[in-house]
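We call the chains A, B, C, D, E and F, going by the order they appear; numbering starts again at 1 in every chain.
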Amino acid sequence: MKKGIGHYSIGDPFDNFILIKSASRGVASNGKPFLTLILRDATGEIEAKLWDITKEDEDVFIPEQIVKLSGEVNQFRGKPQLKIFTIRPSQTTDGVQVSDFVEKAPVNKDVLMGKLTEAIFEMHNPSLQRIVRALIKKYQEALLTYPAATKNHHEYVSGLAHHVVSMLALAKELHALYPETNKDLLYAGIILHDLGKVKELSGVVTTSYTLEGKLIGHIPIMVEEIGNTAKELQIDSEEVLILQHLILSHHGKAEWGSPKAPLIREAELLHLIDLIDARMNTLNRALGKVKPGEFTERLFALDNRAFYKPLFEGNS
Amino acid sequence: MKKGIGHYSIGDPFDNFILIKSASRGVASNGKPFLTLILRDATGEIEAKLWDITKEDEDVFIPEQIVKLSGEVNQFRGKPQLKIFTIRPSQTTDGVQVSDFVEKAPVNKDVLMGKLTEAIFEMHNPSLQRIVRALIKKYQEALLTYPAATKNHHEYVSGLAHHVVSMLALAKELHALYPETNKDLLYAGIILHDLGKVKELSGVVTTSYTLEGKLIGHIPIMVEEIGNTAKELQIDSEEVLILQHLILSHHGKAEWGSPKAPLIREAELLHLIDLIDARMNTLNRALGKVKPGEFTERLFALDNRAFYKPLFEGNS
Amino acid sequence: MKKGIGHYSIGDPFDNFILIKSASRGVASNGKPFLTLILRDATGEIEAKLWDITKEDEDVFIPEQIVKLSGEVNQFRGKPQLKIFTIRPSQTTDGVQVSDFVEKAPVNKDVLMGKLTEAIFEMHNPSLQRIVRALIKKYQEALLTYPAATKNHHEYVSGLAHHVVSMLALAKELHALYPETNKDLLYAGIILHDLGKVKELSGVVTTSYTLEGKLIGHIPIMVEEIGNTAKELQIDSEEVLILQHLILSHHGKAEWGSPKAPLIREAELLHLIDLIDARMNTLNRALGKVKPGEFTERLFALDNRAFYKPLFEGNS
Amino acid sequence: MKKGIGHYSIGDPFDNFILIKSASRGVASNGKPFLTLILRDATGEIEAKLWDITKEDEDVFIPEQIVKLSGEVNQFRGKPQLKIFTIRPSQTTDGVQVSDFVEKAPVNKDVLMGKLTEAIFEMHNPSLQRIVRALIKKYQEALLTYPAATKNHHEYVSGLAHHVVSMLALAKELHALYPETNKDLLYAGIILHDLGKVKELSGVVTTSYTLEGKLIGHIPIMVEEIGNTAKELQIDSEEVLILQHLILSHHGKAEWGSPKAPLIREAELLHLIDLIDARMNTLNRALGKVKPGEFTERLFALDNRAFYKPLFEGNS
Amino acid sequence: MKKGIGHYSIGDPFDNFILIKSASRGVASNGKPFLTLILRDATGEIEAKLWDITKEDEDVFIPEQIVKLSGEVNQFRGKPQLKIFTIRPSQTTDGVQVSDFVEKAPVNKDVLMGKLTEAIFEMHNPSLQRIVRALIKKYQEALLTYPAATKNHHEYVSGLAHHVVSMLALAKELHALYPETNKDLLYAGIILHDLGKVKELSGVVTTSYTLEGKLIGHIPIMVEEIGNTAKELQIDSEEVLILQHLILSHHGKAEWGSPKAPLIREAELLHLIDLIDARMNTLNRALGKVKPGEFTERLFALDNRAFYKPLFEGNS
Amino acid sequence: MKKGIGHYSIGDPFDNFILIKSASRGVASNGKPFLTLILRDATGEIEAKLWDITKEDEDVFIPEQIVKLSGEVNQFRGKPQLKIFTIRPSQTTDGVQVSDFVEKAPVNKDVLMGKLTEAIFEMHNPSLQRIVRALIKKYQEALLTYPAATKNHHEYVSGLAHHVVSMLALAKELHALYPETNKDLLYAGIILHDLGKVKELSGVVTTSYTLEGKLIGHIPIMVEEIGNTAKELQIDSEEVLILQHLILSHHGKAEWGSPKAPLIREAELLHLIDLIDARMNTLNRALGKVKPGEFTERLFALDNRAFYKPLFEGNS
């Protein structure tokens, strides 16, 4: 059985299919062109150099191309590098596809969609429910496949829906503990809060920011979408304004991209639930890579802290 | 000839019409109710106490009511206070109206509208021109009467249009000095940058923030409006996105309410032109109230600085 | 039936028992001494002046004394003030006691103790459980009666235990959603995180900071206590260090009083749970005082924001 | 026709004269000394390595030496590098001079001097005019050749005068729009605001900070110079103090090097005009290097933002 | 024997000479003018109201006038107020003078001048010594009488010289402990660091900021003075630049008014010595006013902290 | 006579004993393993590569092993690198020991201990003296050998005691200048302020942070130690609390790791003395490495400033 590239050690031979994430051309000190490839599968990435390339190589070894590669994992300036012995593009008969090489949410799309549907079904407020339903319908495919971010947390296929579903579970419990909160509003805010990312980000495999993402950002994008949807559905009640406020304020303060700080109880709670779920996702994945008694790498999204994994165990 | 309340000194008698800006009920130490009135005309405001009021007084002396008042300007805890001898509500036969008592832009509405029309006429880019034209048409009345803010700068009738027209003049000269800049884009950005204030603020005489203003704010409001207008006009080119970015970024940075900092040359320039015109308006009005050799009061919008007015003169 | 002082309006007569929270002596402009009293019951506070006092009055009308008072609610500089007609200290035969006049947690002490015991019983890790048990035993009486703070959140009798119990319920659900977390560690951290407040604060009725509270603070106090307890119980495993870290870091960052930011997953989660419960307590109580369509007063603990209470309803 | 080094692509052969900006000696892994050269012409810079150098090479290939070089543009660690085939110092017969290899303002020195003279001629206030005239005379040569900075904006020959002249044009228009402003004061402030840079910076070709620049800086240097000049001219009126304040405050706030923030209207305007001209210079040059639809490199002087160049055109 | 106003309690009769620090006219609710006087002696200040004043009273009771006053110390809104029974201006025959009523340094001017002379005498570097000597000579009178600030530390007659002499003593010891430091440079920096205050502040008794103080400030004033003095003495060595840097950087960083942070060892040390002496002066005086076991008032210059005075004593 | 590695130039041959500070394994581009060694003696460090290593080499060339090495100092990417010709582990007969290769305080341990004993002997307050004596006894060995930090200041053998002794000398003089200060308290605070570092840091030669250091830090560690010691000595007076406060607050503010800012005069002074001694140590050592007229490298602990060493001399 084949293990993923994320689990290879220095010196290990490699003979497997792998996906090209990016390819950039350079000229070596001998004057000959070469390619720097970033290769990835669902477990991680590695760099490789393809020396003395031809014009055809440049056309073949491009991003999102799967290749069959044999070589060896070496080390270059402290980082692993895959030394290439042979390389060829995959063929249809190889039976491999791009989706085999990307990380995915631990829950599949059907389950995620089921959970979303269930939450919408629980809602009683018709205005909120209709807006949410309309927007989910409009962006369903993207919602179910997009990552929640390019890095930091839920940065994998279906990460966006996974994040939303996880937050809904949290919201359900928090509503039980603080019954004064308006569950419908909280659900609507959670489901839509990051949906603007389907326009802010470029796609699923090699995710980057779109022009709209760079110039406007997912928060104002979604505020506008909610306004449009409400207009189309001829909903003109206070719910629209409040829901737009929840989206607008969910980053918590101006410095973090919310021109208005939360001024509604459920907006404050949405912000905190978002924080918890994003941080727990980051922490669980980082701690999953280290042994008890070790520290994780520094985590950018957690103020560059490295976290310690205790030696002892507690609950069974 | 009658001078305005802003020019009275301690000890001066007062006998004139004046507008009630706000009225709040209190109970005196003798147990009797009284009203604290804030009275204003176009030159300033003053506080007054109306003692031993009846139930009818409370119904009559309300905000936006003009009154005929005779009294004397006294001082109370270091601030002027108008001592009331007699007071009565104005009657139709008095020939006074609310608009006589509020500060107005130094340029009248027709001139302002003329300048706006002229600027729009100068534009060549059809997408930008059509969006601007549609929004001006939609909000023309409010644009020509609203203040640009509740305080700090251009906080008077037609202040919004006055601010825009002044910025347009500046933009025209800056475009001549830096011809690489796109004048159409700059004009469009200037005309629309604060137009969301007609929804953010409550009105002309006793201006406060609307619920929409508090929860969303004029920037996202206008981003959404531009999106809607473009959709109605079936304009789908890059101009829409860029124009939305200009509005979104015109406060310059996240802490000041722009979730995106300017990333377009004209967006940066729009931010700086806005800064200059707002600050010059504030400074000119504050310095207009003091004599050479004196300092102004502290100006909140200029980081609480008090400005000095030099003794010497320069240009003729 | 008697309503509380928090529900009186200007002009209402008052004739009831009430508790003196503070009393300070002044000299009136006529040269005669008087007392400024802050009076309170479970629903709020009000100021009152007792004029022309004798030496005996000064000895009788002191903090924590209950008085029978008849008077009228007036207004002085915009704030309510209770005008005193007659006043006398309460007598044993009046059947009133201090605890009748202070706000209390909505759950009683026995229920709170039950919940705490239940949580400790759920723990499997013997080191953590023994330390928690020892400290709870040592400070049980204070833990069950102290407020969690002098203001901002849970600032009422049994507020500390109420806060802890509410956080435990939240932790239980979060552990179910994120099963990688160590529930024992989380429980131990929650139960002890603010226990240092029983030394930081002076007591239950007229709570202020002790000298130890001002110079050391509840966080280092508790870190030391855990160290001592572990030594007494001869526990020397990593659990002690980790638990001390949870307490030390629970304010989240240095500026907020935690010399170490959380570096353990459960420390991060403890910080976030604390944040949610404190904010929900503040928000629910502030929103409980206003009607739909209104804003709360500015809330210091939430960055001075005023929150809006929407008009519509959601969940049934 | 020869294009500049800033326009070469990887792989291009190079055969031309070029200026050595800096040269530093290293020892290669084979133990032999080599030189790392930074070479420049008016369009940009490139690095080159000269291997196996002799003692004479070290004496010949020094900063401000022009060389004739043939080679090829390669790439080394992602950055272009010029591979040297042959290199020799230029001779007088080659007819090349240092000034051919440095970037210059788009306007020549005579025109710049003319504009300055014109502005001084427009001034009516004799005190201000005489101080400005004396200082211009004292530093004329340097003012007309120095850059305005070592990097970020106007970092080319005559950049300082170009910046000043551009700001004067802006000031003229702003004075027309805000006639309350004192044009003489504004002109004097603009002409002198950065003149201290002729002492802060080391020169024109290979500009660095002088010791005086590092320990005192151009702002206090100029404040002192104005004081001295006024004393020599026996001018003792308020103009001197006000003009010193304009220089002292022109960076706008303490964090940016102005121990006093602007407290004079013209000081505030000087700060804003400086900001606009510096930013437009930076932006226009950065956008001039990219195509429509692209982003510029990150601009340090604009908070590290990368700016987008729209696809559409506006004004004709 | 007479005690000072700073030691009176509420209810005490007052019958003594006292100095008017400021006098401002008001109009009472009965329409009659009155004066609010701030009265002071060497131990403190108190407010008083002089009712129903005549035109002559206004001309007589002015700042820096000594008065003979009998009255009583009352309380008004929590602050002491002196109730006036009789008041008259002092006469020459009363034998009182302004200097009797202001706080003075605990060391007299001759001693301070002696210490200064001694320090200058210790210096070996002729350039530094001559500059210091020239400036001390020029400003000797003011240096020996001015306060070091309007508030916060050494805010009394001769406070400036007292601060300098105290810092010199500290510098002498620090030089002994860190013999690498240049004592001459340190002494020169200390003696001149705040000398610009004799131009920044208005005088000794009723100290405020001059226009030069507000627009330029004592730091650039002194940098310029040193430059002038060096020019007059024809000193052109590096010492001048370094000494100017010490003055320029002595506030430690840009936000605190030093456009250059210390870049010379002695500049860093000067900053720290200044900090210690200012803070010890503030603390000793504040703690001198409270009893063991009490906290001082909040100290603005120490980040608004209130300091505790321990109960125990240590060294004999 | 042998000079230290810190004084070698590029090209110098090396033939001497040296200590391995760290060793990390890599794999070369030819697939063979190698070691990157950081070698050090008392004067500095240098990197070296040991190519083509065997399994035995990996076991032999480990941290804290002394080696005999002959080679040559080369340069690699701008930094010196030691090219290895021959290398062998030292033998007992070589007569070298680890302590020969580490930097040491300029004063030996006996002298340092003598100074400490003297200071303790000067103390009169029995509570403070007994606590200090007990803790010094407990940690004497570590106190006399540990560095005061891993970098920035006093980062050498006995650096901690050297720092303390230097601060005590300063405190003695400051107490003489400000006799109101409590010398016993100051001495106790100085001696104990950084003693927690013996638990925070791992040791003397290859110093890093312990787990306790990372999760708790030397400040809370010492606060707890003082509490324990006082309990053991049955001291329960205010001195304990105040001394704990001095330790807790000695970093000056929350952002720097002190959850309480100094609220006791001696705490404020302790903070300032610590600052002075740390900065003087850093500055003196950095300036000791450069010539007059040069700047030091940037000093991280002094906000990344580079300091200038003047050309002139002052005191004899």
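Rule of thumb we're sticking to: contacts are C-beta pairs under 8 Å (C-beta built on N, C-alpha and C of every residue); 3 or more make two chains touch, one makes a residue touch a chain.
All figures in this text were calculated on a predicted structure; none of them were measured in a lab.
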Worksheet item: So which chains are sitting against chain A and chain F at once?
Response: C, D
Worksheet, complete the sentence: Output for shared partners of chain B and chain D reads A, E
Practice prompt. Report the chain pair from A-F, A-C or B-D that duplicates the B-E interface, where duplication means over half of the contact pairs agree by residue number.
Written response: A-F
Practice prompt. Check the residue numbers that chain A and chain D use where they touch, and answer same if over half are used by both copies, otherwise different.
Written response: different
Worksheet item: Where centres are the averaged C-alpha coordinates, which chain has the largest centre distance to chain C?
Response: D
Worksheet item: Upon optimal superposition of chain A on chain C over Cα atoms, what rotation angle is obtained, reported to the nearest 5 degrees?
Response: 180
Discussion item. Going by the touch criterion at the top, tell me which pair is linked by more C-beta contacts: D-E or B-C.
Written reply: D-E
Practice prompt. Let me have the rounded angstrom distance from the C-alpha centre of chain B over to the C-alpha centre of chain F, please.
Written response: 62
Discussion item. What's the distance between the Cα centroids of chain A and chain B, rounded to whole Å?
Written reply: 45
Worksheet item: For chain D, which residues are shared contacts with two or more other chains?
Response: 211, 214-215, 242, 263-264, 308
Discussion item. Please list each pair of chains that are touching.
Written reply: A-B, A-C, A-D, A-F, B-C, B-D, B-E, C-E, C-F, D-E, D-F, E-F
Worksheet item: Residues of chain D touching chain B in their complex?
Response: 123-125, 127-128, 166, 169-170, 173-178, 180-185, 237-239, 242, 253, 261-265, 268-269, 272, 275-276, 279-280, 283-284, 287-288, 295, 302-303, 305-308, 310-316
Worksheet item: For the complex, which residues does chain B have touching chain E?
Response: 10-11, 72, 74-76, 78, 83, 308
Item to complete: Name, in rising order, each residue of chain F that touches chain C in their complex.
Response: 211-212, 214-217, 219-220, 223-224, 227-228, 231, 241-242, 244-245, 248, 254-260, 263-264
Worksheet, complete the sentence: The residues of chain E that touch chain B in their complex are 26-27, 29, 31, 211, 214-215
